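Let me begin by presenting the structure, written as structure tokens, before commenting on it.
By written order: A, B, C and D. Residues from 1 in each chain.
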Amino acid sequence: MADVRIAAAAFDVGSEFAALTQSRTDIGGVGCFVGTVRGAAGGRALVALTLEHYPEMTERALAAIAAEAERRWDLLGCRLVHRVGRMVPGDPIVLVLAASAHRQSALEATAFLIDWLKTRAPFWKKESFADGTETWVDARESDDEAAAQWGADQAAIC
Amino acid sequence: MADVRIAAAAFDVGSEFAALTQSRTDIGGVGCFVGTVRGAAGGRALVALTLEHYPEMTERALAAIAAEAERRWDLLGCRLVHRVGRMVPGDPIVLVLAASAHRQSALEATAFLIDWLKTRAPFWKKESFADGTETWVDARESDDEAAAQWGADQAAIC
Amino acid sequence: MSDGRPVRIRYFAWLRERLGIGEEQIELPAGVATVNDLQLWLRQRGPAWDTVFAMSRTVRCAVNQQFAGPDVAVNPGDEVAFFPPVTGG
Amino acid sequence: MSDGRPVRIRYFAWLRERLGIGEEQIELPAGVATVNDLQLWLRQRGPAWDTVFAMSRTVRCAVNQQFAGPDVAVNPGDEVAFFPPVTGG
């Protein structure tokens, strides 16, 4: 039921929402999260963000994350879109949509999906700054903690 | 900063998202919730949902709810759209958008906004069924409980 | 105490339908100083009014577009609204 | 034990950049049976390799596109990937 996609080009939030909900009368609520590229990091001006991924593994990982959300909540639809390649500030990076009959499931599943996606899908961010330097983004402990609150099975991650 | 609106016509999720995020490079995450009309209630087929409201009070109530969210979280944008009048199954009823530098604030504020909106804004739903009967929707205790988890100041409600 | 300015009363959702009235203007009756006083006064209008306002758990109120409890004051010129618990969103 | 089929090794993000290689195919070396064995074997290739794989807290692994801990088996024909902790979303 879930629909996961890696996108090289920018996606359109309205189109993704429409694709999930069109002609559906069983859905009562749709939760959504969109992550976007910020124009600064650590106080320095950012000119681009480049997302590298592990192509053969990425869609499998996204599908597994969506399947886990569908196992935990009674979802009527689930959609994950993640961009790869070069993006500029203001661009959307990632979209999570979770539809359910009731709002609580939709919103909880949305939070779960983005938390797991941040810690369990093989993407890596590189920041390009206005001064010409480039840095790979460090993983954040707060992301691990956010993911762990869902009872994440950390044994699966080496 | 918040943008609240009562709408007689259907709204477009993509346009609302664009209006909040366009030309912004400070936003890192946008949380969103869209409530939609379901095609059945209590096992009976629904043909329409009619939203009545208290016009002079509604925008004031929505603005107060948005202001409370902005007080509690470091939001970079907040948008509430609520429809009134007659809707059919599949139609969007309500839209909540909350933007922040980080995802947790955006998602928490989104959940807060819809919980408070359900218990603190003067809207009333009437269901019209396929068999010709009409019923005013009863308030749900679960909605009061969801709102109370945010430390809602229930003294303000008689 | 009335200073001549009326109180505007509004009814919404099933209260409006059961009472058959969406709004009215009244001279503030003698002895009516609070939301609770006004409800008691309205109940005396007849069986439909008595029945609706007897459901105190399911009748909410706003004074001048702010949610208001039974002890909130009602003054000449105020707008008072009665309605069921809200069900939007 | 090698049955002649190679192991495909892939490197991502800063591991790829520091090692100067995105992927390679190797004959499974004698004595290498797990992810940990493979890392120890790769460290012997030189200072850059030793340095990168010494950062065990910041090197993650997948075997056949599944996250894998140090004790997971590596067999001929497998695809093994090394990369930093993920930072998507």
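By definition in this document, contacts are C-beta pairs under 8 Å (C-beta built on N, C-alpha and C of every residue); 3 or more make two chains touch, one makes a residue touch a chain.
Every value quoted in this text rests on a predicted model; they were computed, and no experiment measured them.
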{"item": "Steps needed, at fewest, to go from subunit B to subunit C via touching chains", "value": "1"}
{"item": "Centre-to-centre distance between subunit B and subunit A (centres being mean Cα positions), rounded to whole Å", "value": "24"}
{"item": "Whole-Å gap separating subunit B and subunit D, where each centre is the average of the chain's CA atoms", "value": "49"}
{"item": "Gap in Å, rounded to a whole number, between the CA centres of subunit D and subunit A", "value": "26"}
{"item": "Subunit A: positions in contact with at least two other chains", "value": "35, 103, 114"}
{"item": "Subunit C residues counted as touching two or more neighbouring chains", "value": "89"}
{"item": "Contacting chain pairs - touch in the sense defined above", "value": "A-B, A-D, B-C"}
{"item": "Subunit B residues touching subunit A - in the complex, by the definition given at the top", "value": "12-15, 17-18, 21, 23-40, 89-90, 101, 103-104, 106-107, 110-111, 114, 146"}
{"item": "Parts of subunit D lying in touch with subunit A, wherever the complex brings them together", "value": "10, 12-14, 35, 60-62, 65-70, 72, 79, 81, 83-89"}
{"item": "List of subunit A residues in touch with subunit D within their complex", "value": "35, 51-54, 56-57, 60-61, 82, 93-94, 114, 117-126, 136-140, 143, 155-158"}
